[in-house]
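Paired with chain B in one complex and with chain C in the other, chain A is shared by the two complexes that follow.
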Partner chain A sequence: MSSEAMTLVDSSNSGQTQYSTFLVAGRLYGIDVMSVQEVTMPMPLTNVPLSPPFVKGLINLRGQISTALDLRELLILPKDSPDGKMAVVCKHEDCLVSLLIDQICDVVGVSNESFERTPDTIDPDARRFFKGVHKLPENILTVIDVKSIFHSLNDKKGN
Partner chain B sequence: MEFSDADFQEFKQEAFDLLDDAEKSLLAMSKGESLKKHFDPIFRAFHSVKGAAGMMSLDVLQAHMHELESFFTTVKDENSLPADVIDRLLQGCDGARRILNGETIEKPAPKEAPVSQSALNEFFSEAKEILQRTESSLNSAEKDMAKGLDVDAFYRDIHTIKGSSALFGYRSLAELTHCLETRMEKLRAGEESLSQGLLDILFKCLVVMEELLKSPDASHIDLEYLKVVLNEQSFSRTEEIKIVPQEIPMSEPVQVAPEAIKESAQPVASAEAEANQTLRVSVGVLDRLMTLIGEMVLVRNQVIQYTNKHDDLEFINLSQRLDVVTSEVQGEVMKTRMQPIGTILNKFQRVVRDVSKDLGKKIDLAFEGTDTELDKALLEAVKDPLMHIVRNACDHGLETPADRLKAGKSETGNLLIRSYHEGGQVIIEIADDGKGLSREKLAQKAVEKGLVTAEKVANMSEKDIQGFIFAAGFSTAAAVTNLSGRGVGMDVVKKNIEKIGGMVELESTYGKGTKLRLKIPLTLAIVPAMVVRCGEGKFAIPQVKLVELVLLEKDKTGARLETLQGRPVFRLRGKLLPIIDLDEVLSGKPREKARNEDEMTNIVVVNGEGMTFGVIVDEVLDTADIVVKPLNKLLKSLSLYSGATVLGDGSISLILDIGGISQMQHLTADGINEEQTKKVKVATNSDMNEFLLVGACSEAKHAIPLAMVQRMEEFDANLVEVSGDVNVIRYRDSILPIVSISKALGYKEKSGVVKDKISVIVTRLGTRSVGVEVEEIFDVITTDATINDSVHDRPGIMGNIVHNDEVVVVVDTLRAMDAFPFLRANNEKRANSKKRSGAKILFAEDTDFFRRHVGQLLQKNGYDVLTAENGKQALSFLQASEGSGEFDLLLSDIEMPEMNGMQLAKAVRAESRFKELPMIALTTRFNDVSVKEGKEAGFNRYLEKLNPENLLEEISKILASEDKRRVA
Partner chain C sequence: MTRKTPSPKKTAPVKTKSGSDADFVLDALSKSQAIIEFNLDGTVLYANDNFCQALGYSLDDIKGKHHRIFCDEKYTNSQAYKDFWSKLNRGEFDAGEYRRITKTGQDIWIQASYNPVFDKNGKCFKVVKSASDVTKQKLQTAIYQAKVDAINKSQAVIEFTPDGTIVDANDNFLNTLGYSLSEVKGRHHRMFCDPSYTSSQEYRQFWEKLGRGEFDAAQYLRFGKGGKQIWIQASYNPVMNPEGKVISVIKYATDITKEKNRQKEVEEHIKVFEEITNSLSAASEELTASATQMASMSRQTTDQSGTAASAAEQVSAGVHVVSSNTQQMVTSIKEIAKSASESAEMSRFTSGKAQETNTTISQLGNSSKEIGEVIKVISSIAQQTNLLALNATIEAARAADAGKGFAVVANEVKELAKQTAKATQDITNKIGAIQHDSELAVSAIGGITQAIEKLNTISGAIAASVEEQTATTNEVSRVVHESTEGVQGISNSIRLVSKAAEESAVASSQTLEASRGLTTLAERLKNQITKMRAS
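Coming up: the complex of A and B.
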């Protein structure tokens, strides 16, 4: 993950945002480090019968219960490779969610100049969870908006 | 009192934030968004800044914001705002910012001592406390005029409020308290004496003072009138009762002492003095503590489970200590949230007082158990329903004095609110001795409202009909009064109580009165539940929803699932019980294999939304106190779960919402017999007794202690075979002797009646099971009635209890079986057998951990174990035991509260019939001296805890030698 556009953790210049990056189905995603509580190793999942397909189960996170969400399902990714088991844990309004990922990568600082909004050609069902993308020299980092996951999924319920 | 720089900076920051928010909304509107969406946030922002500015004495800003706010209100009803209006509002925001910035240079001179919010809060809560205190003292003075009012204390309280309200700018309040004070001075000086009229005024003043605390300018209150009344002299004319102002009751010296300081010192100083005793902590901190404790308990459970697999003594000791400390911490933290119920009940005195005055009734409200504690959140939740019930009782329940006299009752109606703990719940009873519910009126009303047909209602039980008052929109009051009668009452009460996991029960006798019983869980956070397995998942069912458990076995005729229109049903004691299969509910598809093919089928009978139904589960695992955690919002739409919990082994279990499931399955309460919904508690830790009500060949109903009942069965009569003179049934690979309860008790059996089915209660007699045939199985009852043993005319009868105004005969099954010689023979044989697997052991141990641990160990090895928490309890168990209930061995810890092991041993040996009872001491205090001491006290053996093999060996050894001795 080393490149000129990225610098490692400590640099906190105002023109930069730090992302916790990870791989799901071979694609690179990132979440603003400030929204990430922790990253966990694979943990046992408790299935929730009749739950929507994107809910993989519940995780006992040191006595707190976290809901595991399947990013493959949410982001409409191919399901050919085995499911991810590591999780990025995010907290929003006292609710914990564990986003299941395949592999965790570095925390990187990315210059805000490389930011661009998500192209319109992306499936809107997946696009609603993206804040935008960062053009990195070797790759494209898709930024996931944790809040929108909470909100749009909740709204969906209402209908 | 000046506000600090920090205060001002904080205020400024907040004001800026608020203005920013408002501006954002305004800008959104300029882009075409509707006013409707944004009106509230903007208005709130303006209003908050205005309020805060007022508090900080920033007059210019306050006026500015006021103007802005008023202007904004005028456009409230518009759909969208024209650009120029938005511009003006934006300019207003800018103006506010300029004022704010401009004034930072020189801090505004406080016009009249401005106050920080926290000090104000302090003042509020103190004033509220005082008002509450004075009110209750007025109440007691009114009750007992002769005793009079503690004028000094009253005067001091009023004075305190006067002082601080003046300080905080509550002018009207200060003026009112001043007048009150003047009046009280007269009382103090003995110029005037306490009268009913004066009390009325004082009560009125308290109401007004409370009002003034809420809104200091309270222009709607006619203060002047009150002041005039207060200054009037004329009240001394009315009926007078002398009071002795200087005499302070000796019973309250503690309360007087700190008050005395308060009188002379400034309120602030007194607050400081109090701070040493109490500390105000935000509820948020407590909630966080509760969550953390919950997590700690889970870790503790895991440590203990881990400990059980290891025998590192040091580690076991440590984990035991962790166990004890954790439990204590949990207890203490829970306590911080607990408040005595009296804090809300005291309010009711005044309500009842006012209401009874309005209605021209005489009502005496009494409390019992006001110190019963309840979680604060729950207390708040029951407040309104309680108020409703109390008003209802005053309005509809209790009659006017004239009517009461006519009915032969005393003129004054009695209303009693009683609260107490029972079986892990708090019970609040509201009982009146009024006119009760009239069956005819209720039935008529129910038909009128279309709740039920006239034919149906004629066949309904009293209880079912009374249940109608919980139906929505139901009211029997002939006229709607301003108090109640609009029919929105009881259904809301019931709903609100059920929302917090409680229950409402109604008991009413026409002409005699009505009693409502609210059962409230101790806390919201922890509920007793039963854990069941279904497929791979574990699910918890809250115990309040449980009715009973039914186990069906294959190859046993009589009890099996039947289908009705493709849906399974089950005949439970002659009534059809709708059945749902949890597996099918959860998987959303029908099962491939029919349940009837399974060896065993577990049915959990539950009560949801007023109806009873059975839920088939794969396995019943355990009961546990679970910590309820809400589910993520993403899962809130799943109505079949009410939350989740972490079990002792760290796995997660979903909590089933029985009400939600019944709705999902479209089960409705129509036509379901309510009688069966009576709750059966599965938990064993309650002081209530549970009995099975059965019929014998006698007029009276008979009760068998539920503890004696292994299971209830219904057999086809033609399955009964005969062995010698004894009826038997082939049952679970063995032969079950069937004896008749009527015969056992020597009742004359009805002859000539041939039955297709017989009801049998399987009970345990020593190591074997016996089927006791009864005429009929009625119900399971839970009662706190004690057994009255003054009348028991034959062996096998323990005595009588009264249930539902009916005398019920309590059967001692063990003794009753003595009527059958063949069973006795069996008993004796058992006593002589070498293998004493069914031996009865009494185990005294104070530590919960060891009690469970060792108890389970012994049970696993086939012993019958009864545990006691201390020596005293053990001794009472021993003394109470007799006949076949006698113990074969006493196992005791040494260190115990109340009565330790040594004292217990001595006490046991002191009774002649226990001279030879084998006793084993089980302890960690293991040295020569203590062993010698133990031997002297009477223990046969002295063993070390935590050595299960040794313990089991010694027990079997000692029992074997005891058998030999008996035979000899």
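Coming up: the complex of A and C.
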């Protein structure tokens, strides 16, 4: 999957990757556009009983069910109300997840040269969802690994 | 007093010429005396020159003639004449004053003594008469006698010894005092006087004075029989013998009781008169003083009323000024009232306007809120457009090269959405500012409204005050108007007072003159009374 994605980035813009960027708890995060289906306005959440804390409910997205995940829970960030938040919808193997974010930003193309590994000092529980970071001129863009989120979701399901 | 005083001289009988001594005596006598000798039958034997000259005869004319040629026929025919010669023939002498007739038939008075002359045998053989012409003396005496008689007729006469013992008194005197002569004769003068007077030193001195021969004349109070009070005007005349010794005091008196009483009455009248005159004098002096005072007071009144008049004029002028000022004030107050009412009207109007403005601004607030709502919709639309564009961008990115053109369009759309969002944000901000401003405006207008309400209240108060002031000023104006009339009245009154005072001054000066005249009259009257008293 990752190779495929990288390829896409590479092919689309030589040495550049396009990220859909957003803010959670005041920090800039980005997801490779290839993993993103769409960005949605805040949607009504349907609670899922006995679900993990990061699962905030289910969203009916034009007839398709998507699981709403709280990035604050996943990325171990200060908690916040999950209601009324925009969502970045990602698709993996016909499975849809909606990542609840504070604010959507632009789709930006970032040079791969600025890419670095995630620092080891980050909490491993959070770090496992990060691909790495881009040093931008004024900011740090943390790249979220969607696959690992799906995996962890499956793990949890499996558990 | 004495009717006849017997001559003390030449009573000695004349001797015949045979005796030498006797002859000398006879010669001596013959020089000064008229001497005639008669027979016993009365024929003239001899007469000396003195006799002849006295009767205007020559010796020859009368020698051998009878004594009766010298006498009044009436007398010679009388028994008295016969008796006279019979007496002489008897050898008795006769002496006295005799009335005889001269050759020319004129009366002559002689002081004579008819002396029978005796011979050696003691037989009377002739009569020698020595005489002196006393016609003058006789006439004088007669005059005196007449005077004395006249006095005796009219006057009360009394004679005292020098020690005051009564010797004689005439009928006038006795009648006046109511005594008979026997009742007073030999008694003392003091019986006619008040005992308190007679025992006094003065009375003693009175008699001493008379005793010294000094005369005293005055009005005396004497008492008649039964204590009757009698006023006499009297003179006490000491009578002195040739040696100057007082031998008698004769008093002539006139009963002046009636006069005295009348005088007393007159004096009483005068006294009353004097009192009246004094009263008159005092009254006229008082009148003079009063008139003077009145004159000065009326002068003062005139002065004062002049001052008052000018003061009243000043007051009048002042009141006029006050009046006109008050009228101006009334006008001003009317203007103020008008202005205040206009102000009240204005503030009401302004208040209304402010409320309208408030409403308008509230509406503006509401409108801007509504705009805000619309802007929210637009913002939401812009957000959705942005999201849409974002999704398009994502889609385009996933489409790789094929989506490149689409990506540009999506980017453009995203830019527009961003600009829209920015514009709506600006609008939102602006509307917020408008809303804030309009809130401020509303509160400011609230303040304005409150201020205007206060202003309204104040102008209401001003209007009320002005109304009150107007009433007061009208009252003042009315009072001032009345004052003007009053002051005019005062001024007129003062003028009247001044006029009256002037008239009073004239009257008082006339009074003064009159009272001065009166004083002069009183003074003259007094003088007259004094003179009357003195007289």
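We adopt the following convention: the second predicted complex is superposed on the first by the 137 of 159 C-alpha atoms of A that agree within 3 Å, B and C clash if a C-alpha of one lies under 4 Å from a C-alpha of the other, contacts with A are read in each partner's own complex, and residues count from 1 in each chain.
Just so we're on the same page, a contact is a pair of C-beta atoms (placed from the backbone, for glycine too) under 8 Å apart; a residue touches a chain by one contact, two chains touch by 3 or more.
Predicted, not measured: the structure shown is a model, and the values here were computed from it.
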item: Partner chain(s) touched by A:104 [first = chain B, second = chain C, both, neither]; value: second
item: Touched chain A residues, chain B compared with chain C; value: B
item: Contacts of A:18 with chain B and chain C, given as first, second, both or neither; value: second
item: Chain B versus chain C as contact partner of A:64, first or second or both or neither; value: first
item: Partner chain in contact with A:36 - chain B first, chain C second, else both or neither; value: second
item: Chain B residues touching chain A - in the complex, by the definition given at the top; value: 291, 294-295, 298-299, 536-537, 586-588, 629, 631-638, 640-641, 644, 646, 650-654
item: List of chain C residues in touch with chain A within their complex; value: 383-384, 387, 390-391, 393-395, 397-398, 400-401, 414
item: Chain B partner contacts - residues on chain A that touch it in the complex; value: 44, 46-52, 55, 58-60, 62-65, 67, 69, 93, 95-97, 150, 153-154, 157
item: Sites on chain A touched by chain C in the complex; value: 8, 11-12, 18, 20, 33-34, 36-41, 86, 104, 106-107
